[in-house]
């Protein structure tokens, strides 16, 4: 059963995934990971919170880290096209019976907070403080040379329902995996900004955040990060990769922050701006969808994820497990 | 004087630059250049016409080559979001007093032909035949491994006027060069698809096409092309590069097809989907805007361009010449 | 217990590992692997034998494939500095009680055949037919763009004995792994040509050939090979990698030819020409010696190897197994 | 007229070019160039002298910078195989009527100082202090990530004489350019360590040092250096490149230190350990010998060089100038 056709005229206009806020249990250690190792740049910093951006971003932040007692994901943030889209969004979510709230966030203009039907906390804004461009200050490039936030990937207990909800927000599916037995969608990749995805959902205990991804220039930057992490005490934080995903065709690496929040480093996906860009369907039994080159992912990669603040996790609808070799 | 603010709600919705059609004087020789050397894939081929696409494109073609007596550019083609956008476009161009015509084009649905105020031939369509994806058929990758058409760059006799016209079509300026003396825009880069540009204009005898550009994965692909061209009889077709543009931050190479049509190979520009993405202003006296690393472009690069079919070329408004070293 | 000090003035002067001859059971299929996939160039070809060289080699061949009923390794070939070294070699091996024989080999001058004390068949020559250079014929570069043969790696039932024998031939140890319990050498890497190794030995049922390695320009060539093999029917022939060895610091990939002969693709080791270049000692319990980035090798990589023609395989002296995760 | 055949059994055994000592007029500024920009590591530092090494070197230094009133080259240093080679060298140079002197150098064992017939100051040693390996301390990699010193290139007033002298020391010619009119050698590249060269000579006012070269892993490191220099105030110190030499096939960049001493960054040459490795002859009229891709070198690159301490510069024997475009 194919994914639903894209909704070309959605109720409001989301531009892209903008930022992810995390709760972390040792901010200094997380700073060492995100700043000294990955190479994100600090936009603002206090004793309890760290605002970070990647090298080509001019918005104030793409990652926010809060010192907390428990590791969690506070919110996924999305940029909308225009201030009027926020009002349209408020109306839309109200009609869907979802909670809406206008909140004050540092460095951001009018901000609408809601949750998706699974309880994933979402916030929408049109304007965030803009900072001077850094992308030609090559002296600052460091670590993996992260250029921009790319996407967030979630476990969902009901991927068909998740795809339907986000499809109705205008996210267009680029690739998906179908479970042949049930003809249900096992996993889906959905975009707004013209790449393979801003968000993705995979069947599993959910909602949980599987990972947040950063886009880097070339596979050699990923190799540099592996060499750096391997020789600066972070070798056990390398979880999977490097490899090429069949799905998305991206060259990838998965690493874990000190609280186990998973970060993907990612490059070389493809452009999907055409509204008639056809989704690619993969079979759940095809191991090359996960790693084109055939190597298996470790069990932890299939099982572990970060909890969203105050979201109740449920068992997945689909019980078939993905193939885990070796 | 800054470029005009972006028109966020344009009269119709252009998705991206889609294709460029050329007239060439020796199709077999051009085939050797575009197919055997650059590595574009053949979608269709007759004795007199060649349809080509790049590796990640699913639309039928991004380059069309017609055997002709004279080397020219036939048309720039743009994809619009939806069939209704074509009707909106027809109304809009009529209101502007520009010529409109519905034409039949192979492999394309309803197609609207017009010219911009300088006489550049333009065509708009919503639907083009879609072909199976090639991007994971790695055996086919060849030459420079071109992934997709990126942009077309034109000489304009009046860049301010060109920027104004295309701004009113919804193209948003990402970078521009200003002539300090006259406070006029010397050159501008404008996009629809979320990169640095789909189209660009530079002061000069115009309208003429300066180049069409293809996006490739990494600088190493460009080095591979240089090695290949240098040892297969194409060394004199290497015009400029490799280098990094200050403007766009792209790693570039310029090569010339057998008729002198200029092709840019291009990678590593940045994402510009934010509607409040601020344009970067460069000073005409700053040589790093052209080559961040300081090397000069050859005179031919400043002077030569391809003529558009039936467009009358005029002398430029601005007489100051860009700095040409050495 | 460290490896023995290098013998700076050996009995004769070996320049480098030159070639490996294999017996293969389906020459057409092996041709598809070595020529069409890896990108080696054919120097000569008959119905029953294929002579191959890599892109920067001017000697006639580095790999010889013979059609045979059984998959085996026929011989390891070494180039000596001068014709007089062959006579010195003959005397030396006779003194050691090893078999010596002058043989006729196509494309090679005077050739001395012997076996090492474990029965590994070796041949030595000073002159091989030289072919025109190919390294700037970039049109011919294909597959992984192999530049030159780099080394052969063997299982040895007694690594201390192997190291001692080859040390006495002038091979200098660059890195080695020691078994703490027994203070015996578990594995050693030894060179003549000024890189990390021409030959290496690892504890295991031996003598068997673990792999032959080719040197390539950059990690991106290895990624290209992975993409190619994954999409042309060779995905199951990818055994391990890509990764970085702690030992040798090389970026590696291991693939299997149709008979299971293992080939390593390898780049970025370091220069070792200094006669006082100190060997690096690794602890057998350090998993980063095998993969700096921490990922485990599959069991097959530890267990499988190719038999040498007429060499009797014995159980290893050391029983402790290397750490195999996961 | 070909270069002389290699002298396979030279009077003493030189291993490789080891180090170059410079006089610089502003040590702090030179430190900023060599350490902060190129990424060389400091082995020792005083107010008046700086000892540097590259990432994979274990010898104490490959570059020594002395604070001085005048910019000059103090000496080229070579490592010999064994202490006995120093005594053989002393005898040999005495027989040649060249000055010999045993000198004390910090961090070096017995050191023999002499001059070649053109007055180039040379020193030879067998043992230099060895330092712990850095090549897997990836946190320290910086700038262009220089791995090792590769070669020194000199202007010679009589290249035939220079080639003859160094050929008699055992340097083997890998590539050379011949002047068709006079059948004299215009330029020659000569090695001991198994790469394309340790030293090279080009016709010109000499003796002068044209450049010292460092080997880096991939062309992308050179691109990184260009980006870094272009945005940290060093853009005017970029003299030529990036490009590929026809001769040596190396990917190159030439930059100038604050005193105008020229440094080449260099990768991807080839292995030349075979004693019967045939030199490649280039014609002086072939512009691809200098840049395979056809771009011309600037005039400064042909004309400027660093003076050797106390060496008298003479006009070149050959008057024909190399082709300088544009």
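Note that the chains take the letters A, B, C and D in the order they are written out, and that residue 1 is the start of every chain.
Just so we're on the same page, a residue touches a chain if its C-beta (ideal position, glycine included) is under 8 Å from a C-beta of that chain, and two chains touch if they have at least 3 such contacts.
Quick caveat: nothing in here was measured; it's all calculated off a predicted structure.
A.B. asks: Which chain has its C-alpha centre farthest away from the C-alpha centre of chain B?
C.D. replies: C
A.B. asks: Looking only at C-beta pairs that count as contacts, which pair of chains has more of them, A-C or B-C?
C.D. replies: The greater number of contacts lies at A-C.
A.B. asks: If you average the CA atoms of chain B and of chain C, how many Å lie between those two points?
C.D. replies: Measuring from centre to centre gives 50 Å for this pair.
A.B. asks: Cα centroid separation between chain A and chain B, in whole Å?
C.D. replies: The computed centroid separation for chain A versus chain B comes out at 32 Å.
A.B. asks: Find the geometric centre of each of chain A and chain C from their Cα atoms only, then give the gap between the two centres in Å, rounded to an integer.
C.D. replies: The mean C-alpha positions of chain A and chain C differ by 44 Å.
A.B. asks: So which bits of chain C are touching at least two other chains?
C.D. replies: 136, 218, 220, 227, 230-231, 292
A.B. asks: Help me check something: in the complex, which residues belonging to chain B touch chain D?
C.D. replies: The touching residues are 218-220, 223, 226-227, 229-231, 235-236, 238, 242, 244, 251, 288, 292-295, 298-299, 326.
A.B. asks: Inside the complex, what are the residues of chain D that reach chain C?
C.D. replies: Residues of chain D touching chain C: 8, 15-16, 56, 58-59, 79, 81-82, 127, 130, 133, 135-136, 147-148, 193-194, 217-218, 220, 246, 249, 268, 270-271, 273-278, 280, 292.
A.B. asks: Which chain B residues qualify as touching chain C in the complex?
C.D. replies: On the chain B side, the touching residues are 136-139, 218, 220, 224, 227-228, 230-232.
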